Amino acid sequence: MCLAVPARVEALDEATAMAVVSLDGIRKEVSTQLLEQVAIGDYVLIHVGFALERIDPVEAAKTLALFAELRAMDGNA
Amino acid sequence: MNNPDFKHGVIEMAHGSGGRTSATLIESLFVRHFDNPLLQQGNDQAAFAVTSGRMVITTDAHVVSPLFFPGGDIGSLSVHGTINDVAMAGAQPLYLSAAFILEEGFPLAELERIVISMARASRETGIPVVTGDTKVVERGKGDGVFITTTGIGVIPDGIHISGHLARPGDAIILSGYIGDHGTAILSSREGLEFGTTITSDSAALHTLVAAMIEVAPDIRCLRDPTRGGLATTLNELARQSGVGMHIEEAAIPLRAEVRGACELLGLDPLYMANEGKLVCIVPQQSAGRLLARMHHHPLARQAAIIGHVTSDERNLVVMQTGFGGMRVVDWLAGEQLPRIC
Amino acid sequence: MKYIDEFRDGDTARLLAGLIHKEVSPDRNYRLMEFCGGHTHAIFRFGIVDLMPENVRFVHGPGCPVCVLPAGRIEAAIRLAESSDIILCTYADLMRVPAGKKDSLHKARARGADIRMIYSATDALAIAQANPERQVVFFAIGFETTTPPTAAVIRIAAAMALTNFTVFCNHVLTPPAMAHILASGEASIDGILGPSHVSTIIGSQAYADCCAQYRMPLVIAGFEPVDVIQSTLLLIRQINEGIHRVENQYTRAVSASGNRKAKALMDEIFELRPRFEWRGLGELPDSALAIRHTYAAFDAEKRFHMAPVTTTDIKGCICPAVLRGVSNPDECKLFGTVCTPEEPKGACMVSSEGACAAYYSYGRFRAEVTS
Amino acid sequence: MNNPDFKHGVIEMAHGSGGRTSATLIESLFVRHFDNPLLQQGNDQAAFAVTSGRMVITTDAHVVSPLFFPGGDIGSLSVHGTINDVAMAGAQPLYLSAAFILEEGFPLAELERIVISMARASRETGIPVVTGDTKVVERGKGDGVFITTTGIGVIPDGIHISGHLARPGDAIILSGYIGDHGTAILSSREGLEFGTTITSDSAALHTLVAAMIEVAPDIRCLRDPTRGGLATTLNELARQSGVGMHIEEAAIPLRAEVRGACELLGLDPLYMANEGKLVCIVPQQSAGRLLARMHHHPLARQAAIIGHVTSDERNLVVMQTGFGGMRVVDWLAGEQLPRIC
Amino acid sequence: MKYIDEFRDGDTARLLAGLIHKEVSPDRNYRLMEFCGGHTHAIFRFGIVDLMPENVRFVHGPGCPVCVLPAGRIEAAIRLAESSDIILCTYADLMRVPAGKKDSLHKARARGADIRMIYSATDALAIAQANPERQVVFFAIGFETTTPPTAAVIRIAAAMALTNFTVFCNHVLTPPAMAHILASGEASIDGILGPSHVSTIIGSQAYADCCAQYRMPLVIAGFEPVDVIQSTLLLIRQINEGIHRVENQYTRAVSASGNRKAKALMDEIFELRPRFEWRGLGELPDSALAIRHTYAAFDAEKRFHMAPVTTTDIKGCICPAVLRGVSNPDECKLFGTVCTPEEPKGACMVSSEGACAAYYSYGRFRAEVTS
Amino acid sequence: MCLAVPARVEALDEATAMAVVSLDGIRKEVSTQLLEQVAIGDYVLIHVGFALERIDPVEAAKTLALFAELRAMDGNA
């Protein structure tokens, strides 16, 4: 449930708590009022026109590193 | 008789009355811009000479909203869309008719813009609008402009193209990126606006088809994946021919922006409308030659073999996903609407 | 697409699936409930089942907001839209969900009710501002993911002192539904793929009590196929080890405590409903939200004195059992014949997250396809 | 896939989505009732064989309100109207296309009634509907049903009929009573209802035309005086041919009821619409023979010579009134509306 | 058609015309004002001018209700229709009459105002009953013929206590207009073809004072061509005899005192307006009706606080002079070029009773036609 | 001005003060509330859905008699 997609913050308007996010060339205005902090360049999860949460790049990297490790092991096998 | 005020005027009921107000609109707008001798005759029909052979007729009502969208408008679309349905029989389009249903209050300036766009499309494709009709409906009983175009054309000798001719083993060719038109429309739809550089792919495919049948007169099926998208077109052809289809997701040309828009709105690009693409089913032995020829045509640079016809008796279209799994690609059910879950 | 494509990589998926094949114990079954429709959708759309060992079975859960909304609530909205001159705004997902007697919002619209599909809760607010002389009702549905946006627009409407905007609140809570499923024991499951986007809001801790009480392994799983497979592996490991804890695979978006700002906002606007009916699960206590008294002016149920509507069940439809993880869609006699996505009889055939719709669109002829 | 509920169902947006819901509607309604091999092929166009010669194409959008009226409905009208425009070139109609624009919420039962009526008209005239299109617009953006039909036909060798060929001295023949269609429509229009036994004259004129050109291949012009009525049609022909016309009010077939309705509402029968009548301009020497032949055709029993073509450079149509005076019969200005003064 | 065909008989007309030819004195002109547009229409539609001697000239009068309504009143109705959510009901005749700045009701409708054409005053009432949540305004125009029906619906609305029905009253009176024309002397006329259907209501006596005061022959004339010709003959006889009296040719429908019931009804609902502006004639005292205070609830001007609107004259349009009988339409520079029935610049080009429209439709090329 | 046509009264409903009139086969409902008396067979002048006045058959006959006389005189001449 709850379709939400990660998109990059391209522009921020603090006064209105709105941001322009982009997803592979698609730009969309969304509300950032649910976020405690957000910066240009952040990836945020977009759901019904609101940014729900920031994607944590460190955690994502960790997960991906695990996969890379797996692939490396497989290549060696 | 004064010309209509194309700057500030709007469509009034009298424009559809059949009287002098109608006649003046037709003269100063349609006859003027579509500018061809058959239309100028001012008859309620156009007469022309034909040589013996096979002809086709097709019709499409155009009700697109918004009327103007990135890469086109209802005018150019109504020319391209019908030319394409003629071309999908392998035919050379000859003439178009155009019937307008105008809503009272519609700005004449917008109507003129649409007609000019239509006239340009007609000129560029070389297919004249030779007869037409104009009706006006009361405000609230229409949506600005509806345009129904009908096209006729001639099928070259020896060409037999129809949706029921696909055979197991045939190659399935797609002429280019999918979903551009649907994405362009969505991006400009009220309440859904998003920014994109995507423009509609609206284009007339008759010269492409002419080039294709030259190198591959054995083409079995041609169809433009418009409403309902690629998925629905493949299902239609599978059912008409009593076959199945197998396609590869990875082989389907898809722009990143279209994919992005679909992810954002919970839509599937396979169901997004196209207005300048075609699906071609052709015996395997001709597929390579045909594809090479298509790549030389400006409207099919990204053409690709996306799969093959199977002998599935249930007429299923199945797809090997980019991820590696298999899924059924069904007909569009209901409408494709943006979703939240 | 960053953070999407990496998690749709087929090679990674096959490697993880390989580990699953290696690690499952051949002499037992693993019945895993994918709580969310998002997982159901991913499993079918990407063909994940094909990668799993025979003895790993996915069981569908109630995590599709459209599916669990009882027909009576839709019927109530239709009655409201047809009785007064209001504009009813709703997410498109709800349009085709069956209410009573073959009815639906989109049929009511075809009959003349002014029902508008919106993409964002803020659109409903914009419609209210553009139509000051009309009453605008936002038919709000969804789990904790979709609730904060509704809370946000109510707060804005209050700040603007709008008098023509109300919300028909149908927001429901995930943990009580999960607890109910586990308490009943009907579904006989060995582990749970936990909600991904709900959890971004409520945090992974929210499931701790429930897992502990029912000794149930749970892995919060992203919605991309690699996320699902990795989470499946993590669940199988817990099961094999005989442990049960809340594990978080979706760490890039879910924290232990969730989104505090969103939670605070929800808390400001909403309070618990003592009871709320779920399709399939019946009436569950403290399982849904109502608009607080302070914001009563924005509560459509109060403004329009909406009476509860009860509808009779659709004959033959086993949606309730499907939503409880007890039955599979293809066990329904109506599946694929009388009930199709074009003419859905039950809610589970509507949303592309619904188990029946997923089975129909992607899985119906799976046997033939893969054979 | 379940068939649509033709008893209680209504048109929904999904019926125009292009997906399976659309396909089912097309199969169970249009293909079923129009029932012909070309349509059954299920392509986006129909292909057929022609022999060399001259052909015509014509199109008309039908937006009549009410949809059902005494003596017909939008379905039969859309068949007759387009057949007639083909026939007015002296052509034998061959095929029709039909494009439907349906409004969300329109009862399927009414749609089926319309399609059945259209199919009957098609069968009775022998002109099949071989291709079509269906679009659905949101409630409030249409008016139940609009039907655009396009017709094609072949012109027999040696026949040259066009609105620009009238010559001074030619006879003007009218095939029968005027104003029946307009009166029938008015009598059933909301807020204006009046009782009458008048029914629309909606009819296909192609067999009449075939009979006419057999005895008078030298016919110069044919036109059906539809919107704008006899007055407007004569003015159109006068302008196209650069001639004037002189007609006699007393010679124009007019039913008492039509005259009564016009008196009551302040309308002029010369401007009332007809859907089963034609105006024919023919050299004087052929007029008598032609009229005699017309009188043997069931659709032209009251045919009459109503005047002659003059050499007026201002292209005026003038009428000797029944009263004995002369008046100019102008184009319809604006719309013809019931008036109180 | 009984009582129509007999009065359209060409032979009778030619016989009467023959008498006119015989009886006119060749050394003078007879300038006869056909007061009503109905006469104008008949004169052109049937080609009566062709039957008259050279020295009998018809001069057009102000008796076309559409033509004499000043643009400001239409502009006021448009503003009302566009400013609030009302339904404006009007006779179709008014739709194309030019208001200020190239505007008209039918243009306002095309722009989105809810303006409905009705055939009878009772239709406006029916629309009000069918739309209880909307305000319905009946834009009432006309002379004494059309006034009693308006009075009737106001009385019915009052009896039904309708709260959403009002009338924008523009009813005007014939005798004051006639008196004004005669008082000014501008038109220099020798006799008047008097109103036919107005007179069925007000009776032939109503013109007695006016005729006596200005020593003007007047014959109340039916609208059929034979009526007009016979009345012309009667007028010529009065002129030849040097007498001036009110004569009644239209005895089959007009009595001396008129329709008492209709007059009483008008009197119950309406009262005299102190002043009212007529297109062409300017402001005339006691020349129009307003809704009485007792029925103020049904007065749109009061309900909606309609402010008077003044518009500037249309440049070049000589309608005012045409309506006063001073000029002929073909003396207008705009006639037939800039001003046509499709794009009328003045009111006289709109109604088929308007002198300009009659000239255009039937008479424009009279010279060529008859030559 | 004031389009009004003579039509024959075919049916009367006193309760509603409505009549059905006919004009060469066209039947129309009109209000009779402006008339003091009216009977079936009467001809009445119809204007905007109301009967304005009865046609007096005696007066009409007189006028027509005059015309007939004229024609007779002309025939003799």
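Note that the chains are named A, B, C, D, E and F in the order they appear, and that numbering of residues resets to 1 at the start of each chain.
By definition in this document, a residue touches a chain if its C-beta (ideal position, glycine included) is under 8 Å from a C-beta of that chain, and two chains touch if they have at least 3 such contacts.
From a predicted model like this one, the values you see are computed outputs, not experimental measurements.
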item	value
Each chain counted as touching chain D and chain F at once	E
Minimum number of chain-to-chain touching steps separating chain C from chain F	2
Pair with more cross-chain C-beta pairs in contact, given A-C and C-D	A-C
Taking each chain's C-alpha mean as its centre, the one farthest from chain C	F
Taking each chain's C-alpha mean as its centre, the one farthest from chain A	F
Distance from the mean Cα position of chain C to that of chain B, given in whole angstrom	37
Inter-chain centre distance, chain A versus chain D - centres from mean C-alpha coordinates, in Å	62
Where chain B and chain E are represented by their mean Cα positions, the distance between them in whole Å	56
Centre-to-centre distance between chain F and chain E (centres being mean Cα positions), rounded to whole Å	22
Multi-chain contact sites of chain B, meaning residues that touch two or more partners	13-14, 19-21, 256, 259-260, 263, 266, 330, 333-334, 339-341
Multi-partner residues of chain F (each touching 2 or more other chains)	1-3, 5, 23-24, 47-48
Chain E: positions in contact with at least two other chains	1, 4, 9, 37-38, 64-65, 91, 119, 123, 142, 146, 340, 342, 353
Pairs of chains found to touch, sorted by chain label	A-B, A-C, B-C, B-D, B-E, C-D, D-E, D-F, E-F
Residue ranges of chain D in contact with chain F within the complex	194-198, 255-257, 259-261, 263-264, 266, 339-341
Of all residues in chain F, those that touch chain E in their complex	1-6, 8, 23-24, 31, 33-36, 43, 45, 47-50, 52-53, 55-57, 59-60, 62-64, 67, 70-71, 74
Footprint of chain D on chain C - complex, ascending	106-107, 109-112, 338, 340, 342-343
Chain B to chain C touching residues, read off their complex	191-192, 256, 259-260, 263, 265-266, 312, 314, 316, 318, 321-328, 330, 333-334, 337-341
Chain D-touching residues of chain F, taken from the complex the two chains share	1-3, 5, 7, 20, 23-28, 46-48
